[in-house]
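The data blocks that follow each hold one structure.
The two complexes that follow have chain A in common; it is paired with chain B in the first and with chain C in the second.
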Partner chain A sequence: MDIFLQQVVSGLATGGIYASLALALVMIYQATDVVNFAQGEMAMFSTYLAWSMLNAGLPYWVAFAATLALAFVGGLLIERIVIRPVENAPVLAVVIVCIGLLVILNSVAGWIYSYIQKPFPSPFPNAPIKLGNVVFGAHDLGAIGITLVVLLFLYVFFRYTTLGLAMRAAAQNPVSSRLCGVRVGWMLAIGWGLAALVGAVAGIMVAPIVFLDPNMMAGILIYAFASATLGGFTSPGGAVVGGLLVGVIENLVGTYVRFIGTELKLTVALAIIVIVLVVKPSGLFGRVVVRRV
Partner chain B sequence: MSAPSRPLALTVLLVLLAVTALLPFVLSNFRLFQFTQVFIYAIALLGLNMLTGYNGQISLGHGAFYALGAYTAAVMMDRWNVPFLLTVPAAGVLCLGAGFLFGIPALRLEGLYLALATFSLALAVPQILKYFEHWTGGSQGLVLTKPDAPLGLRLTPDQWLYFVSLAVLVFLMIVAWNLLRGRTGRALVAIRDHPIAAEAMGVNSALYKSLAFGVSAGYTGVAGALSAGAIAFVAPDAFNVFLSITFLVGIVIGGLASISGAILGALFIQFVPNWAQDISKAAPWAIYGVFLIVFMYTMPRGIAGTAQALWGRLARADVRSSPAKGGLL
Partner chain C sequence: MRFRTVALSLTVVATLALAAWAGAADTPGVTATEVKIGHTNPYSGNASAYGTIGKVITAYFKKANEEGGVNGRKINFVTYDDAYSPPKTVEMVRKLVEQDQVAFVFNTLGTPTNSAIHKYMNQQKVPHLFLATGATKWGDPEHFPWTMGWQPTYQTEGKIYAQYILNNVPNAKVGILYQNDDYGKDYVKGLKDGLGDAAKKIIVMEQTYEATDATIDSQIVNLKNSGANVFYNVTIPKYAVQAIKKTHDIGWKPLHLLNNVSASVGQVMKPVGSDASRGILTTQYLKDPTDPQWKNDKGYQDWLAFMKKYYPEGNVEDAFNVYGYSAAQTMVQVLKQCGNDLSRESIMKQAASLKDFMLPMALPGIKVNTGPKDFYPIEQEQLAKFDGERWVLFGEVYDASKK
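On to the complex of A and B.
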């Protein structure tokens, strides 16, 4: 039982990270109908920026805040410069451009920072926290906490601010929003900026666990895809629940299903994606998109 | 094929073939190996192009079928001492079946979702290969011996592989050309451009889509098997997600929905990284990325499509009659 609880808790911790990245994916998907294949690499790049600032001697939380600001501006610029020209192009063109972005970010990070793994500090104490027989890593708890704070922030932003309302309107009905004076193009750009920001949080939280290297997000990204698919690509709340679920499933399956162990972890994510897409393509909480012919 | 004069095109083709047939006797072994690799990539690109270019199903995971083909050949040669030439069709058939089966759930996945599922497949491949250690030799991979030319032929293994790959490529190109220029090709393009209208016209969309997936995977599997012979080594980490992206780069640059584009794309993905490597280890991928994006903006039909359009304009032929140019991009 203790092992079970232990696995559930650490599953929730990694699940929180998947949830952040899945949320970033869903935010962009909802606003622009684009699945951003470069989301993981954008997060990775932001994490390297944070690493540079920490190395330059900035205090952790200053570097953290500065990274989020830079990530926001970076995401905004990427939308304006790279994605905008293919905004109305068919899916294939958009996917290819996103893949191009993925490859560029990955190789530029490798170029600047080399492919050698780097340790990344955690803001939380090293000492484990004991609760009964279950031991929590302080970083795990901290990661869950930070994810929750980010989610709360986003919820409040979208629910209670004019800008958030305008962004939701632009995503739902661009034409009417434009008639009401909402600058739809800029709303999309801000959406990309916010998604990059959320991704940066995920990157900074996961880097102490998996170490920093240009390919660190590949595995995380596939889990984020699985989470977003499970929760439903049209539901931000679903993405979060999906992320936590996938984190827990990953850990429990790794522990209890002998033939899977840790060696087939990515395959578990693949299986989740394929099964959900085949059985219930809209995910657990997504709405079924009806298309007029 | 809006070529102004057929005889001219045919002459050019024959001269090209004659030159490629003479190359092995003038080039160094290393250069020869590079050209063999070009042919192999061209076969894989041809397969992917049928699926993504003609049929509009986005696959970011064709590296998986390449890996399946390569490992089929490697395991057959290594464990059962099957001659190399027999492993190639076997790999093709196996991948055809696997692709057809994967194509069935893929029917339910449109556009982005298919890209997503195949992308995850590409990411998971190395892990799966390492898992079946008993067959695949785990992360060590399998070391093979380069197949010799059959008795009576005085060719080095490299020259032999060059000719085998070239022959397979020419054969598969003719098959593809015949498959795509007629009824089947039109059905595939119709499904890509307007699935509902195609169904209304009586095209069995489900059958054609999963068949396209099967044939495409079969082509890529044959390429994988040939590469196992040419490199004489297979290891899981060679089949990572970047291999699948390389194929995507190849068809985008060569030309979506174009048969000759496969060769141009293969030349690009074989030689450009080699030159770029001199700048930095990371440079090839930066260049790939920039090319992907710039091509999508400026030449969405790739080198082959753009060249064809220019050629058509020069000859004042009506390019619009070309069936390959649909509403893809």
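On to the complex of A and C.
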């Protein structure tokens, strides 16, 4: 029983990592209708900015806030400069541009900061927390908490603010939105900025666990995709639940299902993507999107 | 008299030039003034912590060239990034052999990556020398006469840990985490062979991970719950830091045996912090650059001067920079022994004729020896313990060739 509980808790901790990045994926999908393959690398790059500022001696939360601001501006610029020219191109073209962005950001980070892994500080206490026989790091708990705060922020933003509503409208029906006076182009740019900001939070929370290096997001991105697919690409809450579920499923299957073991853990994530797409393409909490063709 | 001297010198010069030309015609990548060497290394990807090895080798060959080259020839070192991905290694090595026409391939890094080119190199009969991996299979001259390892094998290292466990840990219960490929399995085999009949009883759990995994937290949790009091950690640096940190975070305090592959102070022990890394054991065969006992050692001082002059951006606390330096020195020694005959056969023959070659950065007493049937250049190692700052050597130098 102990091992079951410990694996569940450990799964929730890793699931929290997946959830935070999945949230950024969902965010950009909601705001711009694009699945952003470069999301992980954008988060990684933002984390390096935070690292540089911390190294320059800025206090943690100042560096945190400054990183979010820079990430927002960076995301905005990426949309204006890189994505805008392919705005009306077929989906595949946008996907390719995103993958190009992924490779560029990865290499530039490696070029500037080298591929040596760096420790990244956590704002939470270092001592492990014990509940009965279950032990976990304070950072794991804190990271999940911060992900939930971001989720709450997004929920309120998209549901109750004019800007949030205008952004959703612009993503789903650009033509009608424009007719209603929404500046669609800017909405998309702000959407990229916000997604980059959410990604930066994810990166800063992930780095203390997996250590900072240009490839830190590579493995995580696949799990984040599985999480977002499971929870539903149209539902921020779903992405978080999906992330936690994927983390726990991955651990339990790896521990208890003999033939999968730890060797096929990544395969579990991919299987989740395929099964969800076949059985319930909109995910657990997603809205079914109907389009007139 | 004067005429005869001139004629004689002319003849000698002509013969030498002819000999050089003849050698050049025979072997791709070899001319009268140059020898071209190929190399792959993960400059990017999950194993990019090893990227510095390629850089330090490049720097060392630059030094060798500035000092006049080897037997008058400059080394042209062509190095490509394979991101520790076997299909990419195949692509890059074929490019090296078929397009760049290198004389031979040297110190390609990684067990899965080298496995992917193992047969190809032997079919093409291109020397595949001093691989940066300690898998046991690289020392098989009967079936793979063109491939030779360099560092002590993972099995040797595993046996040393086994001996330590048997002699020092009563009621040992060993939990193992290893990378699910030839590299990981070699380490596990060494440990099991060393433990002998006791292995079944002593090893209580084995967990694996893939080099593409996001985290290895779940495995560490399982190992802790298995009740193990010895943790045999067979991981590459990216996962080694995670494993050490997680072990500490969940309050597991086993005797921690870390494979030499990740025993870099700069890349692993420092990032993870001294609280989590104190007390970890490993084995070493090279002088650790952070160990103050080498401060006045000639070998260390030469290495430091080399780093400052030829690779100033390199980390002088990183043991991988000692590794690449020593491997490159072994390579230069082989080229020296070849004299003017740089045919591929001759290169293999000289690689298999190293006799008591001393590396200035190897631990005292460790010598490089090879023979026609001995394709394991370094076979001696010593245990070391991390004191929170650096590795402290203890015990005797263990010699695998004698047991």
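Following the convention adopted for this analysis, the second predicted complex is superposed on the first by the 286 of 293 C-alpha atoms of A that agree within 3 Å, B and C clash if a C-alpha of one lies under 4 Å from a C-alpha of the other, contacts with A are read in each partner's own complex, and residues count from 1 in each chain.
We take it that a contact is a pair of C-beta atoms (placed from the backbone, for glycine too) under 8 Å apart; a residue touches a chain by one contact, two chains touch by 3 or more.
Everything quoted here is computed from the prediction, not taken from an experiment.
Q: Do chain B and chain C fit side by side on chain A after the overlay, or clash?
A: They clash: once the shared chain is superposed, the two partners overlap in space.
Q: Touching A:L270 in the superposition: chain B (first), chain C (second), both, neither?
A: first
Q: Which partner chains sit in contact with A:P119 here, chain B, chain C, both or neither? Use first/second/both/neither.
A: second
Q: Based on the superposed arrangement, let me know which partner A:I96 touches: chain B (first), chain C (second), both, or neither?
A: In the superposed model, A:I96 contacts chain B only, not chain C.
Q: In the overlay, answer first, second, both or neither for which of chain B and chain C A:V62 touches.
A: Neither partner.
Q: Touch test for A:N251: chain B only (first), chain C only (second), both, or neither?
A: A:N251 sits against chain C, while chain B stays out of touch.
Q: Please work out whether A:D213 is in contact with chain B alone, chain C alone, both, or neither, and reply first, second, both or neither.
A: The answer is second: A:D213 touches chain C but not chain B.
Q: Counting only touches as set out at the top, which of chain B and chain C does A:V82 meet: first, second, both, neither?
A: first
Q: Under the stated touch criterion, which partner chain does A:P281 make contact with: chain B (first), chain C (second), both, or neither?
A: Once the two structures are laid over each other on A, A:P281 reaches chain B alone.
Q: Mind working out whether A:L163 is in touch with chain B, chain C, both or neither, as first, second, both or neither?
A: In the superposed model, A:L163 contacts neither chain B nor chain C.
Q: Name the residues of chain A shared by its contacts with chain B and its contacts with chain C.
A: 106-107, 110, 115, 218-219, 222, 263, 265-266
Q: Spell out the part of chain A that touches chain C in their complex, as residue ranges.
A: Against chain C, chain A makes touches at 2-3, 6-7, 10-11, 13-14, 17-18, 106-107, 110, 114-119, 128, 130, 135-137, 209-211, 213-215, 218-220, 222-223, 250-251, 254-255, 261-263, 265-266.
Q: Quick check: in the complex, which residue numbers of chain B touch chain A?
A: 52, 56, 58, 60, 105, 108-109, 111-113, 115-117, 119-121, 123-124, 127-128, 130-131, 196, 241-242, 245, 248, 252, 256, 280-286, 288-293, 296-297, 300, 328-329
Q: In the complex, go through chain A and note every residue touching chain B.
A: 35, 37, 82, 85-86, 89-93, 95-97, 99-104, 106-108, 110-111, 115, 218-219, 221-222, 225-226, 229, 263-267, 269-270, 273-274, 277-278, 281, 293
Q: In their complex, what parts of chain C are in touch with chain A?
A: It comes out as residues 43-46, 48-49, 51-52, 180, 207-210, 212-215, 217-219, 221-222, 224-225, 237-238, 241-242, 245, 249-251, 266-267, 270-273, 315.
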